[in-house]
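Can you keep this structure in mind? I'll have questions shortly.
Naming follows writing order (A, B, C and D), and every chain is counted from residue 1.
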């Protein structure tokens, strides 16, 4: 019951954050193709952020599957994650308006880094409540992707001051790395 | 379970995209009727896009009905469709601000064409998972409407550089063609 | 099943339209009270539209309760209603920006009149499908409020060209008239 | 059934209001860090309002748990609460644009005070319908937090004309006070 409402709220939140970014997608000023070209960077950042949020939604979906019970700790760990994800549209808009400038590129990396940490904490909170032998604990195993991603974000943030293109490439690389839904949880779940 | 959440997320997404377009609907500048007349093209494109998205929602509704199981492939085929549909409000706003200019009219056709292809791929993904003898495969049959529509969109895009009015008429024609909910799936479903 | 999805979609739609109006609510320009006073008309129209949409949501809630089966006719009658309601935020913004000017006041009345007609048609569609002896048909009885409201809206639209204040008063009067949830349906339902 | 729909609508409403504030979050003008610093107050007010709305959502969640039946009175008491909460984003935007100016700081306190009263009335409506011996009535007990908060808001509003920083501190203090989910209802519920 509580879990259903948490899921519904999170789903609504994801759907809204993703689509809020459409609103930030700049409408071309003027009726010709050059006006369209001027908003191309805004479209590139939109695509990247859309893929990121879709990945979070997808993995969050698998994560909540493993929940057996919702309490205050998990509720707030989840709200913390959603809060940090809600900063992504504004960072996307800033980067889209100032494509490849160092500060927006670095900040964008920061808004990818923070939810990654929050997601890690949410996993920890669920494992803390459900025990080291729970489905989730076994499914995650050593969680290599979860540990490498923050390092890559930090690298991307640092590199933004040298070569913003490289940062964007790193952020895109992490997205590709996560694009496959987490087979560990799916496999462990289907073993039951 | 997974299907319910996919459905709920898609519904939320449709509801939001449709209503985001209301936000793009221009509010008249000034208090007289001529100010209202100036936003009339914005209203026309809003109506057209609303009808399109309502048709997608409606047929998507029938499509998900035939799902028996959700996996990564279907999840991503669905996300791909929703992503492309999320571009419709921005294209609607561009066309509404520059009514009957060739580039926005052509681009608008493009944002109708891409989801049509994504929808086709989603159908393929479902049939791929559920077999050529599944309800959906039999319900679709030769899927003539699904094959004609992309051709009409491509025609509309090409004609936009000659006669944008004609393009809009073609886009409206395809909408009318789809307005009736897909009787094939309904019939095949009710046979069971 | 189909009914659940229709209900969920409609709920999402109502929630979004209502809150879209918050976005149209003008943020004061400047930090003093006179800046706040300048947006007061925007708040007044927001309150009126919020009450209207809350009434529609509430009565729509009772209406869908009486549904036994969803088909294409009812789906499109419902979509038609939601489309017309989606025009309310733009009309609210126009009136809020140009309070008591005749054209926005008249148009606002028009965006109240059209959904009232669409609601009537949705009722008719449901009764058509479920028979003159259905719960809804008996619950509505002579439906006096439903028949008087359009007349009052038309009066309000006409009077907007003479005394816009009077029009607003009439629109508010209709809202008050509907504020009580429809006891006819509730009573007839609880008889079962 | 009625309760489910009320819950779903309220959840959708909360999710939307919270994320509408992201839209009001100002995107920096310019590509350097000073542009980012200029929007910092906007971020501070966003965080405060996000925490407030998350607390309301959380406690509202517990409150609706205790509902056994929805009627007109509870429906309107709930709509009244949601309406007042819908004013928070606009007040947040005004304060974010004019940080520490007295009128926006005082008004912000007002938009915290009004939902607090509406929440109190919703509690009263539920207890009125379910009796003084209901779960909710016993769970609330003397409801000290609920009675102190409005007094603190009023203090914050008054102090805004002397020291706006102090007002913000008071508003933040009340948020901290409520951050823990209501253990009274949880405890009383788990006794059953």
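As a working rule, a contact is a pair of C-beta atoms (placed from the backbone, for glycine too) under 8 Å apart; a residue touches a chain by one contact, two chains touch by 3 or more.
From a predicted model like this one, the values you see are computed outputs, not experimental measurements.
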Any chain in contact with chain B as well as chain C: none
Shared interface numbering between chain D and chain C [over half = same, under half = different]: different
Distance from the mean Cα position of chain C to that of chain A, given in whole angstrom: 38
Geometric centre distance via CA averages, chain D-chain A, whole Å: 27
Shared-contact residues (touching 2 or more other chains) in chain D: 8, 12, 16, 23
Residue numbers on chain B that touch chain A, as the complex places them: 2, 5, 8-9, 12-13, 16-17, 20, 23-24, 72, 75-76, 79, 83, 86-87, 89-90, 93-94, 97-98, 101-104, 107
Chain A residues within the chain B interface of the complex: 7-8, 11-12, 14-16, 18-19, 22-23, 25, 27-28, 30-33, 35-36, 47, 50, 54, 57-58, 61, 179-181, 186
